[in-house]
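Okay, so subunit A shows up in both of these, paired with subunit B first and subunit C after.
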Partner chain A sequence: MSRFILRRLLQSVLTFFGATLIVYALMFSIATDPLQALAGERPLNESQRAQLTAQYHLDEPFLVQYGYYMRGLLTGDMGRTITGRPITDVLAESWPRTIQLTLITMVIVVVVGVTGGVIAGLRRGGVFDQTSLALTLVVIGTPVFVLGTVFQTVFAVELGWFRPSYAPELGLATYILPAIVLGLLSLATAMRLTRASVAENLRADYVRTAAAKGLGRGRIVGVHVLRNSLIPVMTFLGTELGMLMSGAMVTEGIFNIPGIGGRLFQGIRLEDGPLVVTIVSLMILIYLATNLLVDLLYAVLDPRIRHE
Partner chain B sequence: MSSTGAGLPVADDMLVAEAPRSLSRDAWDELKRRPIFWLAAALVVLMVLMAAFPGLFSAVDARTAPCSLADSLRPPGPGHPFGFDKQGCDIYSRVIYGARSSVLVGVFSTLITGIVALVIGMLAGYFGGWVDAVLARGIDIVLGIPPLLGAIVVAKALSGQDLGIWPVVLALGLLGWPTAARVIRSSVIAARHQEYVSAARVLGAGHLRIMLRHILPNAMAPLVVVLTILLGQFIAYEATLSFLGVGPRNVISWGVDIAEAQRWIREASYPLLFPAGFLTATVLAFIMLGDVVRDAFDPRLK
Partner chain C sequence: MLLRSLAASCLLTAAVLASACGGGRSGPIDGDALVVSIGIGEPKSLIPSSTTESNGSDVLHALFTPLVDYDDGFRPVELAAESITSDDNRVWTIRLQPGWTFHNGEPVTADSYINAWNAGAWGPNAHDGNYFFEKILGYDDLNPRDARAEPKAKKLAGLRKVDDLTFEVTLREPYVNFKSMLGYTAFYPLPLAAFSDVDNNVIDPRYQEAPIGQGPFRMKGVWQHDQLIETERYDAYAGPVKPKIAGVAFKIYQQQTTQYQDLLAGQLDIVPRLPIENIGSARADLGDRYRQSPASTIQFLSFPTFDPRFRDVRIRRAISMAIDRDEITRTLFLDSQKPLRSFVSPVVPGYRENTCGEWCEFNPERARALFEEAGGAPAVGGRIEIAYNVDGGHKPWIDATCNQIRANLGVECIGNPQPKFAELLTKVEKKEPVGLFRMGWIFDYPAMENYLGPLYTTYGSSNYYGYSNPEFDRLVALGDAAATPEEATAYYQKAEDILARDMPVVPLRYEQNNFGHSTRVRNVNMNLFFQVELLDLEPNVD
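Here is the complex of A and B:
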């Protein structure tokens, strides 16, 4: 087990540096004038140029620049936005909102997605199964921003069930519609995965053995089938947690939620290069960290993985 | 057949009337019976036609037609089935002309992805050993970058230059391949130890010949499936990037129109719903097509 953990850790360290190096290279080496790319369309004066050059060490060799950038990212010194505000301040203020939104989303995904998937898997070919298969396919084919804008139009503007944008005075309730939008894709995928997994496990030999021993259906499904079916679903949900972050960019943008994703959304529109690069790197970091955790968890749950 | 058949690609089997039924033949028979296949295929053909010949569908050329603010947000009426947007442009013609950038980005990104994935997946699966180990790490690294975030960075770096659809195509193509490469790698590994491959090797065939003539045809079906689904996803990404304001520049795009319509959502919702509907239908068509073809090729699900 410890050898597996060690190997997996080394791999993810490599992946992390590789991925951030690629992002950094994309940002700073393909642009003919990286300073202007950071600032977007706005004109840069000499002192701003000097400040950005010093901040990103653009007068040094590429790998040294990258080293400084990584050191900043890992020690919490992330520089300033294009308007001069420390990025750490912006992040500290936005984090809680994104975490709240993501957690509510996760609850909806687990409760509705897994329950729906189990029901569909137990009654394969039934009305519920057929309907949910068709509906989840439509959801999988719809980009998040279309879901967001259409739900905002229909449920908030036309029907008036929700507020069309962030209303902090409502407390957590303000996150419900955004969380549904953000979670629908994961929900659909989790449901299909659970369905397939349950249906497959129902045909397994150990289920026949359990039935032959005279166990009731409730016990077979509740104890044997569910436990084995939910392992791949858990893995999926773990990796999805990281993916939700990049989905949050669009959802928070549409509903005007000033979380991390909403800041990235604004950063893109306001052409705030430093903010965009920092948030994107952080999101990749979170994505890789959740993937690593899930992998380790998976190895604990399923012994076959660590003995491969 | 078996004594000389080793050198023939699988596709040739289908042309010989007395040949045993091949997997592709079985899959095609299965596909023909699925209405969802015909629906998805018809939608794909329609979108490709719209992208190639928008003039067939709309008498108004959205690229040159004047928009008049007098028509701003005029609801659908005769001659203008989808109404007008805030700027007073005819929504129907903009929706028709918007197909082109979506389809082009989808096709070119998929082409790049397909080539990169094929080369990397084939080398990793065929040679195994350290080649596989190195390439697998490369796959992991690129997989660590969500394509949408990577594409934002690329688009940001190249902002200010008018390069049309190409920054988006390159970003999606160069970040989207890892899943496809894994699919190819595993089907190559499965094919590598087949007897006909050993036979070809004994007969003196080189690595390249074995890879191209004997292994590639067997890896094609899963590759086509994964690429079809990816094409749908790339179209969704292109629209999302346009929506965020970092998509292709100076082209008519569904994502841009949706973003614009969202600003006036309290006044009128149809300028948003029509492009959103077309976008969803296109993405869905490719995903359904990939899904149904995969089912047809995977007999385990029957």
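Here is the complex of A and C:
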């Protein structure tokens, strides 16, 4: 087990360096003129252009720029954004908000999605199953920015149940509406997946055996069926956590949550290489970590799976 | 559970107070306690000499008061200054009003201005407003061509302190509009507390997290990045008009459409820049709380002079006459912008309506005849292209313009999308045949020269299309060096007449401030710099 974890961690280090190099190269190749992008349509004054070019090493070749970035990163200095703020500050402010949003979303997805899926799976063809099927199809087919704007208009502006935008004074409650919007798509998928899995396992041999042994239905479903049905759902949720973090960009924009998505969007727009690479690298790390966690959880759920 | 109780309490609030859900909105409105919230985007900087975009300048307008304001004819009048005078338009004497203090109690003196301007002009600081100081004597010594070289001087030779409240500014050359320039953010003073090393022009990086100014409002806490900037009334404010509200909270948004949702939900008082998506519904939602006022931005299409297809002035005039400006502003922009038929915006002294004359009137028959006379479609290589940046929402009106050109001139016309304006400029600089390209211009100060100089003179900083007419250059230079503003205007107007003849660009529209406000405030106005006039704001008591 520990050798498995060690090997995966070593792989993560390699993945991390490879990913930063590729993302940095991509940012470098799309950047035409970050300083002009920053100035918008206003002409950039000669003196200012010369100074900023020197400060941000913009006239150096790609590998030299990457070298500066890596040297800074390894010595704990992530550098400054092109607007002059330390990247460390930007991340320290915005990451917690995105993480809070993602975790609340995850809770909603797991609780509503898995419960709904189990109910639908147990009573296939019933009213709940049919309704949820129709609803999930609608949700899966609707782009998130449409959902976001509609929910914002209906539940915040018209009905007044929530605030249309981020309000830190409300605490975690401010994330509820955005989390629902962000989680709806994953929720729909999780629900379909759980339903299919439960329905299939209900017909498995071991369920018949358990029933023949005289076990109660609660125990059959709660222990035997659920545990086996959760393996594919776990895989999905594990990869989904990373997806939610990067997918939060749109939702954060609509609800004005000052999280990592907004910073990433701004970084891309301003061709801010170091900022984008740092955020993307951190996302990759989180993705790697959740995947490792999912793999370890497999072993817990299914004793037949062993990591050597 | 949390959700249900939250929803229930909100419904209750809504029922009892007929206001939307949320804290801080209940109770009677007390003028002295009213904090007006204004929606902005994240400012790039809050150092005056490095703030040239509207978000930062909105905030600084609360914290600082400029030397001059402008009258109804857009002419400068003294505000924080006692007098601004010059005999030759080269050496200007600025006398400050006594009794002004910064929010930390430090008195405002001539040094406050001299230090701030030196720091703004100091090349290694790389401030966005650096170019405002170009006209002051000694600017070159602070801005070496090679950025890695040490500048020759630390202080502008053209700034001289006379006494505590008086200083002299010497320009490189006489410039009649210098007084008009002084209303801009770049010319605000700085307290000593802003500097970590005033002799070397080093501004403390922490200063902009809570800027200290001499204006009607002072910072309450620090800049909460991407969230909020709070200010409160400064009781020792020395200006002639005092604030009628307790403070201003600038709420920072990532998207303008969210500001509008917050305004409708009662969570925001003023949306200073209503996006086009919301203007259609704003008239119905807000009624007379949707407002407009003229702004300085003009939009036009320019002809690259390096492109032989547009060398014939008849082609340029035909394209201009084939465009129905009224139709586009009415249907696409819902009157949020107005048709422009001159080469400067209406908010400068000396503006005349329709200087472009017949060449900007919509006249499809004449346009077609002129186009055919100049060679027709083959003369422009079979089709006309209009280049634009896709990140600015320009596609709809570019397409509409192309449709009009196609219908009225009988030549294929297509938009040429570019990812960003920076990329468009790079192509134009390499003289690639992108076709016509769109441009916009926002003035820095209300003077005709601020359009004519940068946009149309041979070495103008934004003359990307390469227009050059020695007679035009001469007239603008004569205007700059004129003895009085009236004399200058006469020269500038003569210069503008040349533009109407040469048609280097097609004027299309001038923009408006489109803004909306809540029922809690009244007397909401916006000035020429896209700023909310904070001293006008009053609580709506009825």
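In this section, the second predicted complex is superposed on the first by the 216 of 308 C-alpha atoms of A that agree within 3 Å, B and C clash if a C-alpha of one lies under 4 Å from a C-alpha of the other, contacts with A are read in each partner's own complex, and residues count from 1 in each chain.
Everything below uses one rule, namely that a residue touches a chain if its C-beta (ideal position, glycine included) is under 8 Å from a C-beta of that chain, and two chains touch if they have at least 3 such contacts.
Bear in mind the structure is a predicted one, so any value in this text is a computation, not a measurement.
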TODO: Return first, second, both or neither, reflecting whether A:Arg269 touches subunit B, subunit C, both chains, or no partner chain.
DONE: both
Open item on the list: After the superposition on A, what does A:Gln152 contact: first (subunit B), second (subunit C), both or neither?
Closed with: both
Task: Which of subunit B and subunit C A:Arg85 touches, first, second, both or neither - done: second
Open item on the list: Between subunit B and subunit C, whom does A:Asp302 touch in the aligned arrangement: first, second, both, or neither?
Closed with: neither
- [ ] Have a look at where A:Phe255 lands relative to subunit B and subunit C in the superposition and call it first, second, both or neither.
- [x] second
- [ ] Name the residues of subunit A shared by its contacts with subunit B and its contacts with subunit C.
- [x] 32-33, 36-37, 40-41, 149, 152-153, 157, 164, 253-254, 265, 269
Task: Partner subunit A, residues of subunit B touching it in the complex - done: 137-138, 140-146, 148-150, 152-154, 156-161, 171, 232, 236, 239-240, 243-246, 255, 258, 261-262, 265-266, 269, 272-273, 276, 279-280, 283-285, 287-288, 291
Task: subunit B-touching residues of subunit A, taken from the complex the two chains share - done: 11, 14-16, 18-19, 22-23, 26-28, 30-34, 36-37, 40-41, 137-138, 140-146, 149-150, 152-154, 157-158, 164, 243, 246, 249-250, 253-254, 265, 268-269, 271, 273, 276-277, 280, 283-284, 287-288, 291
Task: Touching residues (chain side subunit A, partner subunit C) in the complex - done: 32-33, 36-43, 45-48, 50-55, 83-85, 89-90, 93-94, 149, 152-153, 156-157, 160-170, 173, 176, 252-256, 258, 262-263, 265-266, 269
TODO: Write out the stretch or stretches of subunit C touching subunit A in their complex.
DONE: 2-3, 6-7, 10-11, 14, 20-23, 42, 44-45, 52-53, 123-128, 130-131, 134, 143, 145-148, 225-227, 252-255, 257-258, 261-262, 264-265, 267, 391, 420-423, 425-426, 439-440, 442, 454, 461-462
